[in-house]
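Letters A, B, C and D mark the chains in the order given here, with residues in each chain numbered from 1 onward.
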Amino acid sequence: MLTVDHTTNWLILFAKKIYEKKDYLNELDSAIGDGDHGSNMARGMKAMEEKLKDGQFSNVQDVFKAASMALLSKVGGASGPLYGSAFMGMAKQGGSDETDLVAILQAGLQGIQLRGKSAKGEKTMIDVWIPVIEALESESLSKEIIQDAVLQTKEMKATKGRASYLGDRSVGHVDPGAASSGYLFEAMLDGGILNE
Amino acid sequence: MKKIINQPSSVLDEMLNGFTYSHDHLLKRIENTGVIYRTYKEQGKVALVSGGGSGHEPSHAGFVGKGMLSAAVCGQVFTSPTPDQILEAIKVADQGVGVLLIIKNYSGDVMNFEMAQELAEMEGIEVQKIIVDDDIAVEDSTYTAGKRGVAGTVLVHKILGAAAEEGLTLEEIKTMGEQLVQNMKTIGVAISPATVPEVGKPGFQLKDDEMEYGVGIHGEPGYRREKIKPSKEIAVELVTKLKTAFQWQQGDHYAVLVNGLGATPLMEQYIFMNDLQALLKDEQLRIDFKKVGSLMTSIDMAGISLTLVKLVDEKWADYLKHEVTTAAWI
Amino acid sequence: MKKIINQPSSVLDEMLNGFTYSHDHLLKRIENTGVIYRTYKEQGKVALVSGGGSGHEPSHAGFVGKGMLSAAVCGQVFTSPTPDQILEAIKVADQGVGVLLIIKNYSGDVMNFEMAQELAEMEGIEVQKIIVDDDIAVEDSTYTAGKRGVAGTVLVHKILGAAAEEGLTLEEIKTMGEQLVQNMKTIGVAISPATVPEVGKPGFQLKDDEMEYGVGIHGEPGYRREKIKPSKEIAVELVTKLKTAFQWQQGDHYAVLVNGLGATPLMEQYIFMNDLQALLKDEQLRIDFKKVGSLMTSIDMAGISLTLVKLVDEKWADYLKHEVTTAAWI
Amino acid sequence: MLTVDHTTNWLILFAKKIYEKKDYLNELDSAIGDGDHGSNMARGMKAMEEKLKDGQFSNVQDVFKAASMALLSKVGGASGPLYGSAFMGMAKQGGSDETDLVAILQAGLQGIQLRGKSAKGEKTMIDVWIPVIEALESESLSKEIIQDAVLQTKEMKATKGRASYLGDRSVGHVDPGAASSGYLFEAMLDGGILNE
């Protein structure tokens, strides 16, 4: 079961990873996008961290909602509404059942897909969300699986987002949003959410 | 990177302050946001709101004023603004009869503006949107995020701004906007790249004698890179692309915009216009409106874009000439 | 050299053709000359004629129109136009009550315009002149050809243009012009040099991290070269120079122009304006008019200049705001 | 005595020298001015040559007048009105007396000085005109004297024209206008004017 503390801890670990990897994410985005994914996410993480540290949350739903609002109002670009919609979906699902992590992540994925109209294999962040959720369902989620999913985007050809303008030239580069989503799930493992 | 700035991270805030100060007889900024709105209001008229990432100055804030936009939302450099700010802009702009959002077709912009639209509708404001995707450098296919929105957007501001001032309804303006976008195409060429202040180095590289056709206004890749050509040949390339896309007939009426991308002097823009003039004459098109200037830029990119609008609605030429009071439309 | 041009030697002619085509609702070119004149005429009003070497676009032809210049004479790039062409401009501009020549203070311009004045007077046209020397980077001494005329010239066009339209006499306008020039000072900074098309390489060299204060609009040397500084510090340097020159008092009324030198994006110009705003506030000056834009450029030079006008005549602020119809004044 | 043929021949030789030295004059002007003196003069010479070749001249005055008009209407910049005024002065003087070359050149010099308000030693073209006229008076004019006068401008500090903005930094460079005037007088010698 997710608790307010666990969830907060998870998201703060996520923020830390993003700060550490900010330049790397910018570099990934420079290769196939506009070079700002690290800066965008870091800006959002800072706002999220502030909200999480200041806030008094009575339930998991409010934690996700706070994260969603912070990202929506600070990130902009494509990743702002996408992560914002993901956490908004997770908040809604968390409101009805805090115990089912798979259902919560699925609601997050659905949030992204409704907003981004994206499908599997288009070289976006959801190409990490989908295998991670599958592995979680079969109780086999590990850091390798996450990293593997991130790496898999390298060979994909982008058909959504800015990278799609590159056509075939997008092949051979890891998708920056996939990488940042990878950090989200690594933080989830590091936060010990699964061990509870 | 050589720029007259202070901290790269404070570029947006300082620019907007300087902008608001320079034009305080026309417009205001909602504090702590990237929202610039005109102080002129007219009850009962539809309001136009546009915006997007910054770095395209004078777009879009330069076109806020009587006869054009009611408000513009300025995001971080090359980054779409956020829904909460767009919502603020919608609220300050609405004069009771609805707001039209003019969105350049980038995933980020579309998603953020759509979220703002949903939020505004929840607050009881009538909101419609049109999506501008005039850049024919990229094909609209299932393999791309669609065509990009570029310099033509300024002409959309102008034409729909006049329509709004004339008192057309939200539905009418939206319909006109959609028809306009379908009849408007742009294609550009870059001869040197832009440097985002926070990145500190150019977004792509071009050799000393190279140019690239079809580069986007955020440095998105174009369709062909080659040795730099004389203006005349560049004009032929761009006009040929547009001709194929429009399939025009002799005698068709068009409007033309030659747009500088930021670091390109007017000297070059007018020379290009001169070459263009000859080609359009050969094609026997009737040019009812022409404009030259750096209206939709890409920070300090050097290059130009060419926009043509097929004037299928005869009002459009008048609307383009309709008097306005803004910081940037002459 | 990377430019969107054809033959470097035909830059002037092609640019003027493109310019005239773009603004044919406002102005015309006298064939085979660099003379651009407004089609709007008003009998019995004094006509203003300016001009100089090209490469400063939109100056001066961009300011031809109702409420500003009657005609502009465009020389080769960075080269004064010739007396016969200036004479043509005087003749086409005169509406029977005389012509005022507005000359930037360069030996070439002064000599060519003076010869034209003599020729026009021989033909019975009343001609007066004012010489603009607003650039305080160079001292006015027996060791120089005097101070140079730069961006302030555009404000002279604007103020005197409104005065002419109001019906002031040639003598009155000349007197006002002289008083205006005495109360107007400009100082600039370049961060990268300009390339004259026919020369093909930059007029001077600056290292990747260098800037130079006081560079002229033809690349004339400035007064100090140093590592590039943040906009705030550049603003302090320029304002300090102007303060020393003006010896202003708290509460004095001023107009301000932040001018881009050609390749500098509006983003930087507005950031600089923001820094300036703070300094002018500290000095407790009252700023009745502000303007930002690339109005007096130096081809593709990057940098900015700052012009202040002490508004000793209260009409000047109104004249600056007076409506005009030109290609370049917004 | 100057004849129409001699004078035309002189000016056409002058034009040739300018074409040959166009780049060199531009270079000289790049060092202390704006780099266009060669291009300016060449533009003017082309117009002058056309006028001289087309024209039927009944006297020397008309030759100089044609040269003056060509330069005035094609050169622009500082050198246009200066050379234009020089030839105009020479035309006027030639009209009253075609025999006195010294008086003609003096009228030319006066034309420059009235227009340019320049005095000796200001590092301009007149720093060639003055010594040349002096040498002519004492019947000692030679190419060395001309070249020497041109070279002398190297050590002068400019106080007129664009070079004056350089202050002390103008020292060490030959003045471009002095160099072009040097070619004018070399052409005069080459044209054999003095031998008649």
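Simple rule for what comes next: a contact is a pair of C-beta atoms (placed from the backbone, for glycine too) under 8 Å apart; a residue touches a chain by one contact, two chains touch by 3 or more.
Bear in mind that the values here come from a model prediction, so they are computed numbers and not experimental data.
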Give me the fewest steps it takes to get from subunit A to subunit C if each step has to go to a chain it touches.
2
Rounded Å distance, subunit A centre to subunit B centre (Cα mean):
32
Can you compute the centre-to-centre distance for subunit B and subunit C, using the mean CA position of each chain? Integer Å is fine.
29
CA centroids of subunit B and subunit D: separation to the nearest Å works out as 54
Distance between subunit A and subunit D based on Cα centroids, please, to the nearest Å.
77
All chain pairs satisfying the touch rule are A-B, B-C, C-D
Considering only the defined contacts, which subunit C positions touch subunit D in the complex?
53, 75-76, 78-85, 106-108, 111-112, 114-115, 138, 142-145, 148, 196, 198-199, 203, 216, 218-221
Contact set on subunit B toward subunit C in their complex
2-7, 11, 14-19, 21-22, 54-55, 57-58, 62, 189, 191-192, 208-209, 211, 228, 230-232, 234, 258, 262-277, 290-292, 294, 297, 299-300, 302-304, 326-330
Given the complex with subunit C, which residues does subunit D contribute to the contact?
26, 30, 34-36, 39-40, 43, 72-82, 84-85, 115-116, 157, 159-162, 164-167, 169
